[in-house]
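Got some structures for you, see below.
Below, subunit A partners subunit B and then partners subunit C, in two separate complexes.
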Partner chain A sequence: MTKPETVYVTYIAAKPEQVWQALTSGEFTKQYFFGRRMESDWKVGSPWTLWMEDGRVDCQGKVLESDPPRRLSMTWHVEWMEEFRRLPPGVVTFQLDALGDVVRLTVMESHHESIDEKYKEGGRRGWPVILCGLKSLLETGRPLPPFDMSA
Partner chain B sequence: MDKLEFFYVTYIATTPEKLWTALTSAEFTRQYWFGMAIESDWRVGSSVLYRQEGEITDRGTVLTFEPPRLLSYTFHPVLDEEMRRERPSRVSFEIEPLGGKTEPQGQAVRLTVTHDDFPPESKVFPRIRAGWPAILSSLKSLLEGGKPLSAACR
Partner chain C sequence: MVMHVDRVFKALADPSRRRLLDWLHARNGQTLGELCEDLDMTRQAVTKHLALLEAANLVATVWRGREKLHYLNPVPIHEISERWIGKYERTRLAALSALKKGLEERNDD
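Let's turn to the complex of A and B:
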């Protein structure tokens, strides 16, 4: 595992506890994470699952670090596409820094060195959409309006 | 060594026209850019002045002005002696409307900010890389909720 290759930073007018809950609770994630529900007890070593609306598993992995409301790290394995299923898992880490009444949320994604660049495109394109939706939801009570990402 | 290019994408529930105004009007920039007024007549070749509390901190020249899609200008810090000696870099804003399914409420845009053309060993690059995400997050907050982020997050 090399240093994080995909890093995205956003600042959210919310409490760290609210951002933590928005990242870890399925009730929240289904509103901004392409309808997906995140589920785990978030204990170190526990499994986590990102469920698609039709009940299929999108991604899953194990919790590596859990220090609410500051840092959450997990292995990340994409399950729903055959091509991705045989790849070694990546690592995704959320870092929350409280700065006054604002939280700086940093998402870092690392991959095994053997991973081809094309498999990193989903994270590079996806995290900004997901985290912008999370920020909108926490600050205004509404997620981003639905749009076609490939537009 | 990593390439000295800052690249950031943000999605904002607004219209291209409103976002364009927010990028080019000093009244707006002062609100989300933590007090910074960005002043220009926005003709290609005209100068751009960054003014904080009356003092000019950075200068630039308009390179592209195509409302409400493309804006670019050079960026040259002039307060700090060491940064002043560095040649200007370039910042570009690209605005893309994203068709919402629930228009007119459902409008969203993708804003891509690219800041590049830095000399090797640039002293300016680490500063702008650390600065942009807070500014662009505050811009999103202002356009969506009417309130920018507080300066405490800088």
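Let's turn to the complex of A and C:
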């Protein structure tokens, strides 16, 4: 395993199957992932796409590991900005550990080829927001209210 | 949830633990050995602080072979800020709505 560059953890009062569904279904992701829809059949080797609301592709990649509802790993390529398209893809892995009535969700991001720090800023700002939104959605049925990310 | 927030504040209320987080912020994914080398603290002290930070979910750990790597996990800090940002916004909205109501009533006079 390549050493992850960033690791994010959140504990969610839900079943692993619910967390898995919230991560892999567009109906759920659009409620907490900045309006984006995640789509794939989630089979190893299959492509996945994160769609923006206006139909543009935000990110895409291939499924590397798929073990529902425990582990999902994929290559991750940012498409929506020109300068990101030239970069080698990163790898994002979701690990779900059931601990009684709670799921520990770990998100790990790694890069086989090193990329400039400035390209990692979006992920650093984005993942905590996304994970809080996911937790809020599963625990209260409501996503977090929208707010300005640059603030 | 309340207990969890208490743990986060308790973990952050110590300068050595904040320094550990600063250090992980500068270089994420360090082993205990690396952290002890760079910070002028005993191995015992670093171990104790890391355990408290991990219990508060401010530090996330990943095993890579026999190495335990430590990462700064900003998610609980975001959860806390979210809680109060939401409240301030609601207060501001309530104040605006009261102002609007007051002004409109005066117009009616």
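In this section, the second predicted complex is superposed on the first by the 147 of 151 C-alpha atoms of A that agree within 3 Å, B and C clash if a C-alpha of one lies under 4 Å from a C-alpha of the other, contacts with A are read in each partner's own complex, and residues count from 1 in each chain.
The rule is short, and it goes like this: contacts are C-beta pairs under 8 Å (C-beta built on N, C-alpha and C of every residue); 3 or more make two chains touch, one makes a residue touch a chain.
Keep in mind the model is a prediction, meaning the values are calculated, not measured.
Colleague: If subunit A is used to align the two complexes, do subunit B and subunit C fit next to each other or clash?
Modeller: After superposition on subunit A, subunit B vs subunit C: clash.
Colleague: A:Thr140 in the overlay: touching subunit B, subunit C, both, or neither? Say first, second, both or neither.
Modeller: first
Colleague: Once the shared chain is lined up, is A:Val9 touching subunit B (first), subunit C (second), both, or neither of them?
Modeller: Touch status of A:Val9: both partners.
Colleague: Quick one: classify A:Cys132 as touching subunit B (first), subunit C (second), both or neither.
Modeller: Touch status of A:Cys132: both partners.
Colleague: Pick one for A:Met108: touches subunit B only (first), subunit C only (second), both, or neither.
Modeller: A:Met108: touches subunit C, not subunit B.
Colleague: Which subunit A residues are contacted by subunit C in one complex and by subunit B in the other?
Modeller: Looking at subunit A, the two contact sets intersect at 9-11, 128-129, 132, 135, 144-145, 147.
Colleague: Along subunit A, where are the residues that touch subunit B in the complex?
Modeller: Contact set of subunit A toward subunit B: 9-13, 99-102, 104, 128-129, 132-133, 135-136, 139-140, 142, 144-148, 151.
Colleague: Which bits of subunit C are touching subunit A when the two form their complex?
Modeller: 28-29, 57, 60-62, 64, 69, 71, 73-75, 77-79, 82, 85-86, 89
Colleague: Across the complex, what residues on subunit B touch subunit A?
Modeller: Counting only subunit B, the residues touching subunit A are 8-13, 96, 98-102, 105-108, 110, 133-134, 137-138, 140-141, 144-145, 147, 149-150, 152-154.
Colleague: Using the touch definition from the top, list the residues of subunit A that touch subunit C in their complex.
Modeller: 1, 3-11, 106, 108, 124, 127-129, 131-132, 135, 144-145, 147
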